[in-house]
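So, here come the structures, one by one.
One chain, subunit A, links the two complexes that follow: it is found with subunit B in the first and with subunit C in the second.
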Partner chain A sequence: MPDFLGYAAIQTLNALSFSALLLLNGLGLSVVLSLMNFVNLAHGSFFLMGSYVAIFWLGTGAPWWLAFPAAFLAAGLAGALLERFPFRHFYARPHLMQVLLTYGLSLIFADLMRWGIGAQILLPELPGALQGVVFILDMPFPVFRLFLIAAGVALGLLLWLLLDRTIWGAVLRAAVTDRGIVETLGIDTRRVFTVVLVLSAGLGGLSGALGAGMLAAYPGLDEEVLLLALVTVVVGGLGSFGGTVAGALVVGFALTFSKVWFPEFANLAAFAALALLLLLRPAGLVAPPLRRL
Partner chain B sequence: MKRNIAMVALPAAAAAAAALLADDFVLRFLAEILLFGIAVMSLDILIGFGGLMSLGHAALFGGAAYAAAIAARQWGGDVALVLGSGIATGMVLAALMGVVVLRSGHLFLLILTLLMGQMVWEVAFHWREVTGGADGLRGLPALSLGPWTLSTARALFLLAALLAAVAFVVGRSFVAAPIGRALVGTREEPIRMAALGYSLFAVRFRALVLAGALAGAAGALFPFVNLYVGPQSVHWTQSAAMVIMLVIGGIGSLWGAFIGSAVYLGIQTYLSAYTDRWQLCVGLVFVLTVLLLPNGIASGLRILRDRLRRRGA
Partner chain C sequence: MPNATDHEGRASSASARAAASAAATRRLLLVGATAGALAPLATPALAQARPLRIGMVTSLSGPFAALGESMRAGMRLLLAQSGERFADRPVELIVEDDQARPDDGVRKARKLIGQDRVDLLCGVIHSGVALALRDVVTEAQMPTFLLGSANDLARKAVSPYILRPTKTNWMLGSTAARRSHETHPGARVVTAASDYAAGREFVGDFVQTYQEFGGRIGRQFWTPLGSADFGPLLTAIAAERPDSVYVFFAGSDAVRFLRQWKEYRLAGRIRLTGTGACFDQEDVLPAVGDAALGAVNTFHQSPTAPASAAFVEAYRTSGKGLPGEFSTTGYACGQVLRAATERTGGDPTDWARTRQALFDAPVDTAFGRMPFDPRNGQAILDIHVHEVRSAPGGVINTVVHTYPQLRDPGPNA
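Right after this comes the complex of A and B.
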């Protein structure tokens, strides 16, 4: 019986570490979707870019913990540039046009990264402190995944404080609800949009840097991650922090455990379960009250 | 009346000329354009008329292609069997998709159709015994119609042209029929339509199933023109390619869908011969289309025609 318990504990921790990653990545996408009504299919590119930045940073031997802020800044800078042109001109356009634009951009970035870096699978050289395994109920578990869970919880809390407990967060949430009123209060919501897109891209890059130790980095990862982020956002429901947390947990656990039970059809089983869930709650787990005019 | 005759005669003459003059490579390429054109036209019914933005249309097209290929390998390449299995598969997939996605709002629809499409891709990619996995299916029997074998490029092209003509008539009838007008109504004024007693779900569901049937019919012939069907044909990148064909051709114009698929596939075929950075070029096509030509070629031509008329008058 302890074997089973240990196995269950390990799989639960695996699911939690994956959920932490999904949370950080999904939060970036969700905030841009709910605030600016902007579908950013290039979000996966920020993730992969963050992975590559972190891998190269860790390869140079500079202080390892700076790899994560570096990935945040690099992806955030890319986000800032893209926000100026062309994203800004597309906030008011139909979703279809946003999708086509950002999908096209993600193809371009994917090919540029493949061109510059190559198609091989890259693994980061983790620092000594994050290597190795710990034994939980006699089962080995990678230290790095514990670090992921801790980072996810810490950053998640930080973001929640930022969004829920500061005046900045209040402006942002007010702009989600009613942009016009916020404008009449004398706040330049365009600047808010820029900041949010930089934060979103930065979060994508940061989760890429964290995820590199678990998923490695290779061409095509951007697309896989994008799909997972979209699922997270849809399952959780738009417009609330709690929704994204719930979505990340549900998707993380569904994918991890379907990999245990149906290794070959893991994604299919998980997606089917999530589609069923959405049949029951079409607007996601935590749906904000809908105003229909 | 004169216009109607021209509308029938011109495409028929063009198809006959192509069948007589073009070589095998060009004929197969033209057949591919026509089949994709049908699928894009059915997507246009959803996006252009119903305002239902789908990123999972390749799943209907490619799912039907797989079904037709599997049926043909099992029971031989009779056209009725191939088309029937493709159309049935397209409709069933569309109905399944509709039940899940049509309850959600616009934005979720986009994401959910993408996910549903990826579920079909997962099946096609992982169910190796039936779909061939990453290798796809090859070695298909030749299509046959009664005693005749349709294996030459010319026969396949003519079959595709016939199917395109039928699909175009079906599409046109649908959008002109009361159900088609109701579909436009659900896009423009959903709340009023609901108040008038229309079930938004029923109208949209029927449009989706019809689009599935059209895309399924086109998908059924696709493996025989291409001599191959692989998981790439159900992937959501293929759905995105169909949407960009639609945008290039012009959303809301049924014949524009064929122009869009011709332009996109033309660029794809001729550019990929010149450069290895093909993906980069596809991305540029997307970005440039959205930036420079968001209303498509069909509406550009229409504006040009109106201008010429005004000058003539």
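Right after this comes the complex of A and C.
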């Protein structure tokens, strides 16, 4: 019996750690999508860029924990530049134009990264502190995954506080709802949107840095994580922070336990369940809160 | 309740938009891919003597991009070493990208045959592309050196226009079972592999051969190609408590699996055996390092076999690391093409004569001495048993045993 309990506990932790990664990955995308109504398919590029930054940082022997802020800053900087040109000019355009622009950019970034770094698969050298295992009911579980779970919870909380509980978050939400009114209050909404995009790109980079330990980094990872992020955000429901959290948990558990129960049909089982969920709740798990007057 | 309605409408249209954008992404991906594929390759044609034109179809984008680049690099190295000439005839190599998709591969092969009028065709990594090309080149009577490794290419899908200077999957799966039985008879083995054609063949041949020796097979795990997280699988394997695991994963799957194999502390507790591709010297081992230490694998390619020493040295001096399967495959294929040209006095296009010349005597390649089986045009290869050991600057596949001159059961299997 303890065997079974340990097994169930570890598989649950597996699902939680994967959910944490999905959450980090999805948050950046959902922030711009729900707050700015901007579809950024180049989000996967920020993720991959963050992975590479972290891998090179950890390879240099500098303090390991700085790799994560470094990835955040690098991707945030890229986001700031892109926001000035050309993203800013596309906020008011239809979604299809945004998709064309950002998807095209993601192809360019993929080629640039492949040209600069190469096609080989890279893994970060994790510090000793993250390499260990803890034994839970006699089953080993990697410390790194606990770190992922903790990072997901901490960053999720931080972002929620920032957007839902600060005056800055209130300004931002107001700017999304009615930009004109907020401008009349003397607030430069352009700057607000710049900050959101930098935050989103930075989150992408940071999640790439954290995710590299599980996913490795290689050309093509950008598209894989973009797809996972889209699934997470759509399942959870657009426009709400809680939705992304719920989406990450549901997708993480679905993908993990489908592997446990039906390993041969893992993707089929998981995505069929998610499709069914969307049929039942087309708006996603958490309907977005009312923000329009 | 105007507000609520509005809010509902907004939410569902937003999610519809996101879903539409996901669909649009896939469509755009296709458009982009096609546009890239259509970009013409520059083909200079200014040689005085008509150069020998070799077409290569390989994967330069998509999931096997890194492997395809290695294959091309191996072939280019051989050409450079030969002074871009075979039997004193200039050689021109035209490389096309199949993106690991059968329809693209067919289109590119038709382009090379019809438009570029290549004299010889070679390449291919993905088995699906290889099987699709089999019909195209047979119909066009195009002399082809096909490098995919599906068993059927040496069996049901044999073609008189195809020679195969590489392995079949059976060669690796069956030798791994033989080795397991010889070193650890009676061990209970579970298998874990990517769920696609190659994985099914490696594991199927392993299981069949191992059971013929009277071995015990436990659960068989399959995961989708391109799994992000191997934690659930590894936890399930740990709960099975087998003596050993036989695995096949490739590329990023292999890297993730091996890294997590170590993270979940299975390294050292359960013996790890697998196909060589899962421990590829160029593609996988540099990334995973000591996570693969002690693992045993069977492979036709080896960085430590005597036959490959000269190639390994040349490849390293060309600025790359140790070669893996596909750089060696590209190079060995080039060696076979060179031998075919030399043995026919510079004109290998008389295919009946070229085939016979290659059947008459083996070719010395980076895979070792390579005779061809006249029944199916399949190379007969040495299969090495490797143990991953530490070496200066990383880990290396070290030959611990060799099954010499293995011949696929062929069309009668």
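Structure notes:
Definition applied: the second predicted complex is superposed on the first by the 286 of 293 C-alpha atoms of A that agree within 3 Å, B and C clash if a C-alpha of one lies under 4 Å from a C-alpha of the other, contacts with A are read in each partner's own complex, and residues count from 1 in each chain.
Here, a residue touches a chain if its C-beta (ideal position, glycine included) is under 8 Å from a C-beta of that chain, and two chains touch if they have at least 3 such contacts.
From a predicted model like this one, the values you see are computed outputs, not experimental measurements.
In the superposition on chain A, contact of A:Val260 is made with subunit C only, not with subunit B.
Which of subunit B and subunit C touches more residues of subunit A: that partner is C. With both structures placed on the common chain, the touch criterion links A:Phe271 to subunit B but leaves subunit C unconnected. By the touch criterion defined above, A:Pro140 reaches subunit C but does not reach subunit B.
When the shared chain is aligned, subunit B comes close enough to touch A:Pro86, but subunit C does not.
By the touch criterion defined above, A:Val99 reaches both subunit B and subunit C. Residue contacts after overlaying the shared chain place A:Ala62 against neither subunit B nor subunit C. With both structures placed on the common chain, the touch criterion links A:Ile121 to subunit C but leaves subunit B unconnected.
Contacts of A:Leu107 after superposition on the shared chain: both subunit B and subunit C are touched.
Of the two partner chains placed by superposition, only subunit C is touched by A:Met214; subunit B is not. Overlap of the subunit B and subunit C interfaces on subunit A comprises residues 33, 37, 39, 95-96, 99-100, 103-104, 107, 227, 230, 233-234, 238, 264, 267, 278, 282-283, 292.
By the touch criterion stated above, subunit C contacts subunit A in their complex at residues 3-4, 6-8, 10-12, 14-22, 24-25, 28-29, 32, 62-63, 65-66, 69, 195, 221-224, 226-229, 231-233, 235-236, 238-239, 251-252, 255-256, 259-260, 263-265, 283-284, 286-288.
Interface of subunit B with subunit A (complex): residues 47, 53, 55, 99-100, 103-108, 110-112, 114-116, 118-119, 122-123, 126, 191, 240, 243-244, 247, 277, 279-280, 282-287, 289-291, 294. Those residues of subunit A lying in contact with subunit C across their complex are 3, 7, 10-11, 14-15, 17-18, 33-34, 37, 39, 41, 95-96, 99-100, 103-104, 107, 119-123, 131, 133, 139-142, 144-145, 214-216, 218-221, 223-224, 226-228, 230, 233-234, 237-239, 255-257, 259-260, 263-264, 266-267, 278, 282-284, 287-288, 290, 292-293.
Residues 33, 37, 39, 86, 93, 95-97, 99-101, 103-112, 114-115, 227, 230-231, 233-234, 238, 264-265, 267-268, 271-272, 274-275, 278-279, 282-283, 292 of subunit A touch subunit B in their complex.
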